[in-house]
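The structure appears below as structure tokens.
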């Protein structure tokens, strides 16, 4: 796996495990919900991943963007589809979104390089 | 048309016209982009409307939510689809989104009452 | 009950009921968590209400502020304690918090007038 | 004075007086700083008002926008200058700023109608 | 002192000194207020630190979170108390808070390792 | 050129080129607008740079702050003028702005060291 992607996922898993080991009920349930909310329902998984990506982008959360880029990639979304979603996020959220766009682009490249 | 919906749209049109009459080039182009960005492309219009709705919801902009609810309604999105999009927005954006959820629900009812 | 307080609570209950009637599982669980998170635990209820109040204030959510002001009032927190919490919120969140401070003050008065 | 402007200022003064009467030292000093920060220094008052206006606009605080629009108007800033400042705010802050632009435009008209 | 904690504090002190050396009166007073606002008053220091921590967390400011984690640690707050405060921040602020939760957990460990 | 400044600019250019190569029309137009909006008009370039700086600061976007610091520096704005603009941003945006102030101060030093 590309270093950037692997490092992100390793740190994420390691710290999630530690947080969940604290046994705080509210936190555990929020983590749980996070898994459930993106399952297929009235909307399919691809659409939901794009919704998660756009929400993360306008709120300017790089780690959340990476997470949803990876799921989007794994769901088979194309670069064009992801770019259109990000363009809506940039229009709605303004030019302060652009630095996150740069890092998103770089992370998508890292995902593609994993082949 | 239901009063709530008509009042919102009338005020919106009236003030947009006044803003555009100022002839500020940057503002005019942003307004233009806002129309273009939601046209069908790699993603269809329904998906784009949901993306606009979720972006507006996590950024907690009631007027933007109303605008995208109306376009979503007109594009034929069902209440279940819209609810799932809003549930992702609430999970990502937190419980501070809930008051906007109440007003979104009320506005969707107003749209349904227009028949 | 003072009109302002009653109106706020009535609208809140009515719309919450409608939202929950939609039976969206993610939304229902978030509503549930919202009740659980403020129960006494390692921290007592008063402290938790103040935390909810400060979070709502720096995020500038008037309805959330009202909700936590009422719970704070019902838990027996004094005006001085609430003011100190709000002063921290204003310092951390900046002068854009001040308009919400005005409305918070007004709502606290309405709560006091309920006797 | 136009009703909108007068109502805003009256409510603002009344609630500020009540907040200051609480004698919270942190709040009082923040209110004080708010007056000092916009005095002429290395930058003149006009420029500072525009900075306050843009900060308020990208943070989407309608009451703060009104306050700085009135000071900008009183300092003799033209509609064109204010529009350019607001266009930068809209570009940087995104289309979620547009609803605040509408209300800003309306308030500026109310200020002009005061003669 | 653990490297992470020492590095954070050293950079913070060095840059604060430089900023204060600029002699900008508004900035100096805000820095001053920041010290005063967290002194014991109607609320004790522990509660105020938790309020500062929750405000910093929902506003997603990693450096502010670190600062309040350290003060909370020094005031003798337990990991359980801090976790409950952070769980409220995550519920109110949404899942975009989670990446900050990971870094907060890591920093708390660094503080504990200073023993 | 100082390393910090050069690295920032190189990464920024490289990624902007890649983003523009995607040929997403909305993104391309937003990038274009970003250049146009800061040209002299009713307001001069110096004032507009300060507006961009303050908007970036209250929205807490480090990369945007760096970009506008460099343009401000190149337009000949003095450290005192920039400090006053940043002090307004800190007052309006609150103490969560302070960590960005530290990094802004450091970047300004890097710009001065380019001589």
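Order of writing sets the chain letters: A, B, C, D, E and F. Residues in each chain are counted from 1.
Note that in this section a contact is a pair of C-beta atoms (placed from the backbone, for glycine too) under 8 Å apart; a residue touches a chain by one contact, two chains touch by 3 or more.
Just so it is clear, the model here is predicted, and its values are computed rather than measured.
Asks: Once the contact rule is applied, which chains count as partners of both chain E and chain F?
Replies: A, B, C, D
Asks: Just how many steps, at minimum, does a route from chain A to chain E need if it may pass only between touching chains?
Replies: Shortest path length, in steps: 1.
Asks: Check B-E, A-B or A-E against E-F and flag the pair whose interface repeats it, over half of the contact pairs matching by residue number.
Replies: Repeat interface, by the over-half criterion: A-E.
Asks: Same residues or different residues: which describes how chain C and chain D meet, taking over half shared numbers as same?
Replies: different
Asks: If you average the Cα atoms of chain A and of chain D to get two centres, how far apart are those centres in Å?
Replies: 37
Asks: How many angstrom between the C-alpha centroids of chain F and chain A?
Replies: Here the centre of chain F sits 27 Å away from the centre of chain A.
Asks: Per the centroid of Cα atoms for each chain, what is the distance between chain A and chain C, given in Å?
Replies: Spacing between the chain centres: roughly 31 Å.
Asks: Where in chain D do residues touch at least two different other chains?
Replies: Counting only residues that touch two or more other chains, chain D contributes 26, 30, 33-34, 37, 55-56, 58-59, 64, 83-84, 87-88, 90-93, 95-96.
Asks: Is the way these chains touch best called a line, a ring, a star, complete, or other?
Replies: complete
Asks: Where on chain C does chain B make contact in their complex?
Replies: That would be residues 11-12, 15-16, 18-19, 22, 24, 26-27, 30-31, 34, 55-56, 59, 61-64 of chain C.
Asks: What residues of chain C sit close enough to touch chain F in their complex?
Replies: 58, 90-97
Asks: Show which residues of chain F lie in contact with chain D when the two form their complex.
Replies: Those residues of chain F that touch chain D are 30, 33-34, 37-38, 41-43, 47-48, 50-52, 54-56, 58-59, 64, 78, 80-81, 83-85, 87-89, 91-93.
Asks: Within the complex, which stretch of chain A touches chain C?
Replies: Contact set of chain A toward chain C: 25-26, 29-30, 33, 36-37.
Asks: Write out the stretch or stretches of chain E touching chain A in their complex.
Replies: My answer: residues 60, 79, 83-84, 86-88, 90-91, 95-96, 98-99, 101-103, 105-106, 109.
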